[in-house]
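Letters A, B, C, D and E mark the chains as written, and numbering starts fresh at 1 in each.
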Amino acid sequence: MANILNWIIFIPLIGAAVVLIAPAKQAKSIAWLTTFLVFIISCLTFGPFLDGSYQAGDYGTMQFESKLPWIQVGGTAAADGSRVGGFNINWHVGLDGLSFPLMILTTLITWLSAWASWNFEHWNVNKGPKGFFALFLILETGVLGTFAALDFFLFYIFWEVMLLPMYFLIGVWGGPRKEYAAIKFFIYTLAGSVLMLIALLAMYFASADAMGGKGTFNLIEYATIPAITEMFNSPTLTFLGWNFGKAMFVMLFIGFMIKVPLFPFHTWLPDAHVEAPTPISMILAGVLLKLGAYGFLRVCYPLFPEAGAQLAWLVATLGVINIIYGAFCCLAQTDFKRLVAYSSISHMGYVVLGCAIMTDVGFQGAMFQMLAHGISSPMCFFLVGVIYDRAHHRDLNRFGGLWLAMPKYGSMATLGFFASLGLPALCGFIGEIWVLLGTFNAPFAWAKTAAVISAFGVVLTAGYILWMIQRVYLGKLREEYAHYPDATARETAILFPMAVLAIFLGILPKYTFNLMNGTIDDMMVFLNPIVTKAVAASSIVMGG
Amino acid sequence: MSQITLPWVARSPEKLASYRRSAIVRLIGLGLLHVALAFAGFLWLEPFNEAKLADWKIVPVLVLCVGAGLAGLTLIAGGLAVATYERIGRILKWGYNAFAVFLGGVLAVCLIVWLHAFVFELVKTSPSGGTNTIPVLGIPYSLSVHDLYKAMESTSPGIPFDKNVRLTIPPLAYLLWPLQFGLVRDLVAMGGIIGFVSIIPAFGIWWERKVAGRIQSRMGPMRTGGWHGWAQSAADGIKLVFKEDFIPSGGDTLLFKLAVYIVFIPPLLAFIALPFAGAWVFRDLDVALLFILAMLGIEVLGVILAGWASNNKWSVYGAMREACQMVSYEIPMGMSLLIPVMMAGSLQLTAITDAQGGGFWNWFVFANPWCFIAFFIYYAASLASCKRAPFDLPESESELVAGFLTEYSGMRWSLFFFGEYVAMFVVSGLAVILFLGGWKSPIPEEWVENAVVQMGAAENMIGTIIRGLFKEGPILFILKAAFLYYVQMWIRWTLPRIRIDQVLYACVQVLLPLTMIVLLANTLWILGVEHLKLGWLVTVDTGIRWVLVAIGVLTAMGMIGIAMYGYKNNRRLVGSQAANQLPGS
Amino acid sequence: MFEIGLNHYLVLSALVFSLGVLCMATKRNAIGILIGVELVLNSANINLVAFSKYSAGAADGHIFAVFVILLAAAEAAIAIAIFMNFYSALRTIDVDRGDELRN
Amino acid sequence: MPTGLLILADMWMPSADDLAAIGPLWGFVGTLVAILVAALAVGRNWRVTGMLAALGAAVTGWMALRTVMSPPTNWAGLSPNNSPMFVADQFSAFFVLLVSVFMLLVIGMWWMGQNAGLPERLSRKGDSVEFFILLIGSAFGMSMMVSTTNLLMIVLAVEMASLPSYAITAFRKQHAKAAEAGLKYVLFGAVTSAIMIYGASLLYGHYHTLDLAEIGRTIRIEGAPTLLMGVSLFAFMVGVAFKVSAVPFHFWCPDVFEGAAIEVTTWLSVASKAAGLGLMLRIISVLTFKIASPETLNTLATAIAVMAALTCTVGNLSAFRQTNMKRLLAFSSIAHAGYMLMAVAIVWMNNGSPTEGVAHPAFSAIVGYISVYLVMNLGAFLVVAMVYWATGSESIDAMNGLMRRSPLLAVMMVVFLFSLVGLPPMGGFMAKLYLLYALWDATWYSLVIVAVFNTLISLYYYARVARAMVFSDDGQPAIRVPMVGQALATVCALVVLYTGTVGAGTLKAFSDDRAKDLYAVVKPGIAVHTAAESARPDSVNENGTLWNGQNSTTVPNNDGWHIGLAARKVDSDRNKNGE
Amino acid sequence: MDAVAFYIFAAVVLASAVGVVVSKNIVRTAVCLLGTLGGVACLYFLLDANLLAAIQLIVYAGGTLILIVFGVMLTSQSPWVGFKPTRGQAVVATIVALLLAVGIITLTTTADWRPSAEGPLAASPKVADVGNSLLTTYLAPFEVASVLLLVVMIGAAYLARTEK
């Protein structure tokens, strides 16, 4: 555990234990300290990423890598200690351009939302803070572990570890329909992970076949060892009568798309957001949704590029539907939080679209959009939370002119929502435009159509955000809100880092792109030929 | 006899006399007709003619000659009996001393022994002729009448039969011929068993009443029949046959009727496996002991059903008590019976008896102290399983009216008693076979054999009789069994009835542990004496055996002494004085 | 027809078995069902003994049958005791009346 | 005087080594006797009885553990002929260990229950003698179920396990539900065991032996069993399916679980199923070992697989509507039996060529699963029991607000419940993963999918319990729970968490070690009789060519367990002469 | 002769088994069972299984059956312990049982039962054989059965005991 990454993953768990032991009054301070500590430590890992030294031109080069044997049993032992015909499961974590930015995002957002839950007593008096903060910290461990895991099995475990804390956090400390929301979230997510479990086994067995019985769960090896990639993408290998690669891709995709969430499986999200307490909504929108998209980038596309290329039309379609559908839903909302939730759906659509086209611009756009959304949406949720703390309702139509009553808060809110809108010079813009440009230039026949349709999403977004701002912050101040105090120091302090980042990302996106470009370029080395081939094949079909 | 009133007998003596006259005439007439028919058959079929023996004649000879002749003689005898029944009664009365009757019975049994042995040996050892078939039925057989005749003429070896007496009665061959078929032999044996079994309860009930009378200082039945009420059972039987058959309403009629048979048939079936002597057994089963126990066990079901079907509280109580009692006592009973089984190494009753030959000191009851105890356990348990006093809870009159018998009357009622008395004989017989040397004589067999040879009667009928009386045979068995039968009555009329909880306590808390201890101890004892041959134990064993034998001898002598004393001083007993004052005594 | 062989016993056993199953299926009385079980056990025993005589030719079948009888007795003892408990609790042994545990 | 006993005295007797080989079984019988003697000596003292039973279970467990930890040995015998009555190998020792450890835990639970002072508790303290006689009797039966390959012994063992179970189900005499549960249990049990015996009789008719190994050998030579034999085999398995409560022989399970006292329910939920599965595995492994064409028994394997899938699905779906915790857990246990049965089905399929020294994946999966299941199910029942003792209610409403009323219990219960679902990082997930791995290994993808989707649907009802504990608080007062109970539950939860995280490899290694031995009893290669005279091999089986001994120290063409038995030829000859 | 006996006993067995099924009164059912048990015992005699026949009578007819009848009587208030399956149920059950019977008969009578080489009668075991087997080959089941009976006895006694 000497590795700093391991500490980052497990400090929250230790913090959770301390929270449980310590007196209830200290829980929130401990949680704050722990998350802050994790954030600070995670900032220490900037080193190799800032100076670009992590780019070795080879996909799978990891920083802060830590590999320990975990479940290595069964079968017979090979010379290197791995098992032939048994299990090879390792504790294998590491950071690269895909996971690092998201991890930093996670530690930051978690810290901020831990701080945001300081008015715990305010939103639920009866239920002890110990449980809340312990679960909160366990959740952080789960998220960090998932981002850092390089062993698919470990990935799966951490993926599932997030489930229970989230279930209870929504279910206990949520709103009026918390139980419904919690179980809905739980079952949707578990359904996805069940498919992932099947894929996990299938891939393990396929890799074992490829490696002469020495199966592996290593995500990097899956993508880089030729024997395994051949096996995974072989046109002849089948699974239950389908092409193996396609079947795996689809199963994993469904598993991840539930988390994103993509169109048919998105319904849990508004419920969960509406019912969850503010800090949980922040985490959910800011971090948890990214896990699905991270799964696409980490697992689906590097491992099954051919299936990805062949099914790109489907993924892109879903992404476009998400963008447009989410935006339309937003237009129809009267619940402030629900609106923000649907806007998340819409924004995550860009991420999916960016992934679908499988070009470097698309991936970069998707990653950037994830980060941008990871900053803007917690900010939005917190803003909603702030006003909810005061008004105890979220009905858009009952607000009005809040800016007048709360100028500091109003400014922050405008900034946050504009970032979400995708106003140039704010973070949202870069991600969206990158994805749209990438899509427009993508080699697929349908790409331009998709780009054009998606561009309408931007318009719709602008529409609903502006309408919302107009309804809530502008206009005549209503009597009942006149006496509302402005944002407190704590609230300001929470909003401030996000506001700064939103501007920073919007103005100097280069530094952010630098963090991830190396890895995406490495990935493109083997993705590009496959995409080209797939496009060629499909155009032949289309031509013929 | 005159006291008996039959329903169809007119009240007036005149009518009675006329009925009697017409009966005599008809019987004798019919009898003569049959005899004439038989004679005609003889003339036609010529069965005496040695040269004209033929298989095809079997059926006509059996029907016409033998059947018609015997039927005619029987009818004539019946007619004569009706004509002279008063005289017969006087003749029987003349035999004031029972000994003569008894001796006659014994002689008859000896004769039956001889005949039995003869027939079966003959069939067994006869030379097999050609394969013939019965014309119509198509059943194959090996022995023709002629073969049989030849075999009889040359007298088969091993049969105690005087060679000088030539068999000159060929019809006997016709008569014996069917016996080569197993079915026929079985039927004959069954006839014998059923006959014997019907005698047991009739005799037993009379005897029980006499014993009860003597023990309670009264005479017992004295009126019906001449001598000591000998016809009492027959009279009771006739009475019961004609009594109204009462079936309670609300009960289960079918089961009410069925219960009787479930009680009454199994003890009868026990005789299938109960040997009277070496060859005197219907089926020499290798699991005879278990079979008999099973038959005794099934009886319970009938009792329960009887109680149930009577739709009467007392009946159900009685049945439940009975079931509890009999089922519980089966366990110590069965376990104590295991001890002789262990000694003999077989469940076959003939084999167990064969292991006890050579003098009464070889009887299993004296074999070792455990066997001695086991005998008494068995005897006590068998009393309970026959629901005899002191275990006659199921029918304890003072509490339950008559228990499961309450609603029964007439013939059904009597069949229950029939079953009970037969079962009494069966358990006594089992005790005799397992513990008291069965049909073996108390004195060593060589002694009898030597005596017969010295008398020069080795080959003739006298020798047969002596052997049958003193060496081995059904008579010895029946005598021994009758003694135990008598002891059962003795106990019944001596001991008071105990309570149901005491009954069950005695079984579960006393007899059962005791039997277990005895079983275990006996096993170890035999192991020590016979297998390991521990010197000290062998010595102890021999010593104890002689002590036990001495106890046995002293007991026997004491009983004989008491009986003699009683016989001699019967006039001095209170009961006799009382009896003398009774009318009709 | 007059030569009795294995098949005769097997047919008989099959019939008894079916009757036992029928009994178990149609009786609503717990003891009735138990009696059906006894029929099935008897059919199994007929099989065992017949096989022992006609095909297998060893004591195994007999021994098995002995144990089956023993088991039937043990089972009946426990079953009757439980029925009596049930009866004293619910005043019936109609299995359809035991529906307290239905959900 | 020729006495019967003399013949007996010269008969074959089991040697001391033979008797020692079935040591754990003696443990149970000895405990039984000790409790009876103690009851006679000191009267009906529930503490003495409980201590004795615990001691007996511990000793038995220790003896089983010694076998489990010793190098693989295989013993089969206790009979002078070639028909071993008992089998003692790693396989059986593992299950005996399981049963005895579980019994120890159940005794702990019972102890707490006795102290709880609830009016409707298991029994009066004075009845503990009967209770333990019955409990140990069923434990003995369950141990025997996995320690034999003889049809007669199997039937006896199943009855030995069942009959006392019927009695302890109806043990609460004043309790109408208990009586009803006992009634249903005994009726279902009697019917299935009758059908089982009928099946056994037909098997005997065709194969002329009661020895399953012999039957397996015949199948190897003759090939596929006929339709009738297949049906008979299935009928025979019905009794076992009843023990594992496989659909459609599961109807007893929820009623019995609800009606029986909670200690008894706990006991039946794991031990009975474990033994049933062990027996099923034993039958299958012995019958299908080295069968020339594995397809011959495919129909039966498919039948078991279908049964497993049904069991799983029906169990999970039926659990949805339950409001009684015990009933809910009963259906959950049916579902879990279904998961394990899936692995049984693939043992049947995967018989082609067991590799020497490599664990059978399916069996390994079952071992792992059942080990974890034991702990998590005990834990769940323990929490339900403690709530029951405190409130007198077993309904799901009694759990309401447990998070506030007894946070520790609630947290433990959450761990157990989600372990039962099969969520990481709980041991239940690892167990299920190994199971799925085995299913996949056997290429039964359909079973994998069934299992996985059952996991998904099972989530709902387990989460309902969690919901009751955490979300819905109806203001019931806080409960006091015994320290021992808290400790026991904590230990169980820690074990569950340990096996799900750090100890996952240990769990797998443990299972693999146990699973190496599945075919030992039919493999002459490592079959060594413990008896000293086993060095004199003189009975060579004509079928010995089927297995060429890999181990040079054993005699080739020698049919396994006959080695040691043949040495008693002298005895059996004398025996023959004695007839 | 044997054939006649077989047919008689088989008829008894079947008739009483049918009686068991059709009789509406549970006590009569039990009595019919006696017929079956007795008939089967007779068949055992025919099959040279004397010991088994005796055990069947002594344990089954004399013990188990009485227990059952006891149970019947102790668990009924009225003398008519009836049962009433609906007509539909009865018909369905009968059809199923008929199919079962036909199926089993077809399968068993056409199966190859591999008669033993020594011929049928040569090998039928005697009482001593059975006894020897019980104490040698089947010593283990014998002992196990004793434990079983002990446990069952205690259990049944406990359950049947009235609560004080």
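Heads up, the rule we're going with is that a contact is a pair of C-beta atoms (placed from the backbone, for glycine too) under 8 Å apart; a residue touches a chain by one contact, two chains touch by 3 or more.
These numbers were taken from a predicted model, which means no experiment stands behind them.
> Which number of steps is the smallest that gets you from chain A over to chain E via touching chains?
Contact-graph shortest path, chain A to chain E, evaluates to 2.
> Farthest chain from chain D, going by the mean of C-alpha atoms per chain?
Taking each chain's C-alpha mean as its centre, the farthest from chain D is B.
> By mean C-alpha coordinates, which chain is most distant from chain E?
Here the answer is chain A, farthest from chain E.
> Return the chain label for which the distance between chain Cα mean and whole-protein Cα mean is smallest.
Measuring from the global C-alpha mean, the nearest chain centre belongs to D.
> Between C-E and D-E, which chain pair shares more contacting C-beta pairs?
C-E
> How far is the middle of chain D from the middle of chain E, if each middle is the mean of its Cα atoms, in Å?
30
> Rounded to a whole Å, what is the gap between the Cα centroids of chain B and chain E?
The separation of the two C-alpha centroids amounts to 33 Å.
> Using Cα averages as centroids, what's the distance between chain A and chain C in whole Å?
65
> Report, in whole Å, the distance between the mean C-alpha point of chain B and the mean C-alpha point of chain C.
38
> For chain E, write out the residues touching at least two other chains, lowest number first.
In chain E, 51, 55, 63, 70, 108, 113-114, 116, 126, 129, 132, 137-138, 141, 145, 148, 152, 155-157, 159 touch at least two other chains.
> Which residues does chain D have that touch at least 2 chains other than itself?
152, 156, 159, 163, 166-167, 170, 173, 182, 202, 205, 208 - these are the residues of chain D that touch more than one other chain.
> What are the residues of chain C that contact at least two other chains?
17, 20, 34, 36, 45, 50-51, 55-58, 60, 63, 67, 71, 74, 78-79, 81-83, 85-86, 93
> Going by the contact rule set out above, which residues of chain E touch chain C in the complex?
2-3, 6, 10, 13-14, 17-18, 20-21, 26, 29-30, 33, 36-37, 40, 43-44, 46-49, 51-52, 55-56, 59-60, 63-64, 67-68, 70-72, 74-75, 77, 81, 83-85, 89-90, 93-94, 96-98, 100-101, 104-105, 108-109, 113-116, 118, 120-125, 129-130, 132-134, 137-138, 141, 145, 148-149, 152-153, 155-157, 159-160
> What part of chain C is in contact with chain D in the complex they form?
17, 20, 24, 30, 33-34, 36-37, 40-41, 43-45, 47-48, 50-51, 55-58, 60-61, 63-64, 67-68, 71, 74-75, 78-79, 81-83, 85-86, 88-90, 93, 95, 98, 100-103
> Please name which positions on chain A make contact with chain D in the complex.
My answer: residues 69-76, 85-87, 89, 131, 156-157, 160-161, 163-164, 167-168, 171-172, 178-179, 182-183, 186-187, 190-191, 194, 197-198, 201-202, 204-205, 239-240.
> Could you list, by residue number, the parts of chain E that touch chain B in their complex?
1, 25, 27-28, 31, 34, 50-51, 53-55, 57-58, 61-63, 65-66, 69-70, 73, 79, 126-127
> Note which residues of chain E are touching chain D in the complex, please.
Those residues of chain E that touch chain D are 107-108, 111-114, 116, 126, 128-129, 132, 135-141, 144-145, 147-148, 150-152, 154-159, 163.
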